[in-house]
C-alpha cells in the first residue's frame, strides 16, 4: 500500500491551492486503500455540511473504484443501482470523489465538497493530479 | 458567535405566534453557528415525526448556509445533488429551515416542521425575522 | 396526557432560574409521557456535550419512571443492571433526570446537565417542582 | 471564533513532530468551537482503530471543555459519571484530548490517539502548545 500521510497531504495541499485560485472554500479528505481516513482539511468558511460529504466522496470513490460522478447515472430512478445511496450512510453519488492510483493500482481516493459539483470535480482533479 | 438562548427563544416565540395565527401546531428548533441545539419547542398536537424534521431543518440550513427549500430542486432525480439526503442522517431537503444572520455572518438557523412545506416556510420566515 | 408546551416551558424556566442562582449554565430538556421531546434550552456557555446528556436524562427518567440517579447503584459492576447504559445510546444512569407527575400519573420527565451531578439534581428538582 | 485551518494545521504538525521524536505513529484531529472537524492526519502505521478515538477525543475535550483525562476518574464504577461513555457514541474518557484556548475562550480542541494514554497526552500537550 503506497499511500502515505506525506502523499495524502500533498493531495490536500494541491486541492487547497486550486480551490483558492477558484475563490472556493472546500472540505478535502483522503482515504487509503482500505477506505480509512488519512488526511482531512476544512478551508475557512467551507460548509459544515460538506465535512461528511467530502469524507463520503473519498470513501465512495475507493469503495467502488470509480469517480463518484460515474455513479450519478446509475442511481437515478429506473436505473440499475437506484436506492444505493441509502445502503450506507456516507455513500455519495455525485461528483467530487476520485480514486488515487499508483502504477495502475488504486491505493486510495480523494473527496472534495463545498462548491458546485463541477467545481468540486475540478478541485478533486487538481488534488488527484498531485498524487 | 452572537447566538444566545435569549435570542433563540425570541425566534421560537415568534414562530409559535405565527403558527398560532395560522392555526398550526409545529415543532421549532434553533441551532447555533456550530450546528448545536440551543432551543426547541413542540406546540401541543404537533406531529411527533416532525421533531426530528425540525431539528434536521435547522441543522441543514446552517450546514449548507442556505434555506433548506433551496436544496429541493438540486436533489431531484437528474439534478446535481441527487442522493444528498442519504449522506448524513438528518439532512432535510425541503423548505422550513432558514439561516440566522448577524451583521452578514451566519450564526445559526431555525427549523420548523408540522404543517405543509409552504406553511412551515412561512412560520420559519416569521421566526427568523425576530432574530 | 396532561403535558403541554406551556407546562414544559414553565419547568424549563424554573430550572433556568435555579441554575442562574447557583451560578451554573446547564442544558434542560422536557419530554412527554411518550418519551418525546417537548422543550429544550441550552443556557449560554453550557457544555455542548451536555446537550445529549440532558436529553438522555429526560428520556431515561420517563423510560424507567424513576429518577436517573436511582439507576446508578443498579448498573455498577456486579449489580443487576450492569451493562444497561450500552443498550440504547442516550441512556443516562446518573442523577439529573426526574419524572413529572400529574395526579400520581407520570406524564413526562425533565433532564438537566451541565454542573456536577448533585448540582444537576438540585436544578432538576427545582424545575420539576414547577410542574 | 478564532479557529482557522492554518492554526489547526500548526497544531497537527506540532503533534506529528512530537510523536516522531517519541518514535510513535498517531492519529491527530482538531475540531473548532462547535465540535466540527477542521483538520486530521494519520501518521504512517498508526492504528486504524485510533482514527475514531482521536476524533472522539477532540470532540469530547470541546464538548466538556476539559482534558479528556479528567473524565477518567469520574466515570469509574461507583463514581459520579459512571455510564457517561455510553450516552453518546464517540465520547472518549481517557487522556489525549485537550481544549484549545484563545484569550481564555475555548475555541476548539485537539485529540491524539495511537500510543499509550500517557504518550497520547504528551503528544496532545505538544500539539496544543502550538496553538
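Note that the chains take the letters A, B, C and D in the order they are written out, and that residue 1 is the start of every chain.
We adopt the following convention: a residue touches a chain if its C-beta (ideal position, glycine included) is under 8 Å from a C-beta of that chain, and two chains touch if they have at least 3 such contacts.
This structure is a prediction, so every number in the text was calculated from the model and none was measured.
Among the remaining chains, D is positioned farthest from chain B, on the basis of C-alpha centroids. For the pairs B-D and C-D, the count of C-beta pairs in contact is higher at C-D. Computed from the mean C-alpha positions, the centre of chain A lies at a distance of 25 Å from the centre of chain D.
Centre-to-centre, using mean CA coordinates, chain B is 32 Å away from chain D. Averaged Cα coordinates give chain C a centre that lies 29 Å from the centre of chain D. Of all residues in chain B, those that touch two or more other chains are 34-36. If you sketch which chains touch which, the pattern fits none of the simple shapes: not an open path, not a single ring, not a star, and not all-to-all. The chain pairs satisfying the stated touch condition come to A-B, A-D, B-C, B-D, C-D.
Of all the residues in chain D, the ones that touch chain C in their complex are 34-35, 60, 62-65, 77-78, 80-89, 91.
Of all residues in chain B, those touching chain C in their complex are 4-5, 8-9, 34, 36-44, 48, 51. Residue ranges on chain B touching chain D, taken from their complex, read 1, 32-36.
Chain contact summary for the complex, chain A toward chain B: residues 47-50, 52-53, 56, 72, 75-77, 85-86, 89-94, 116-117.
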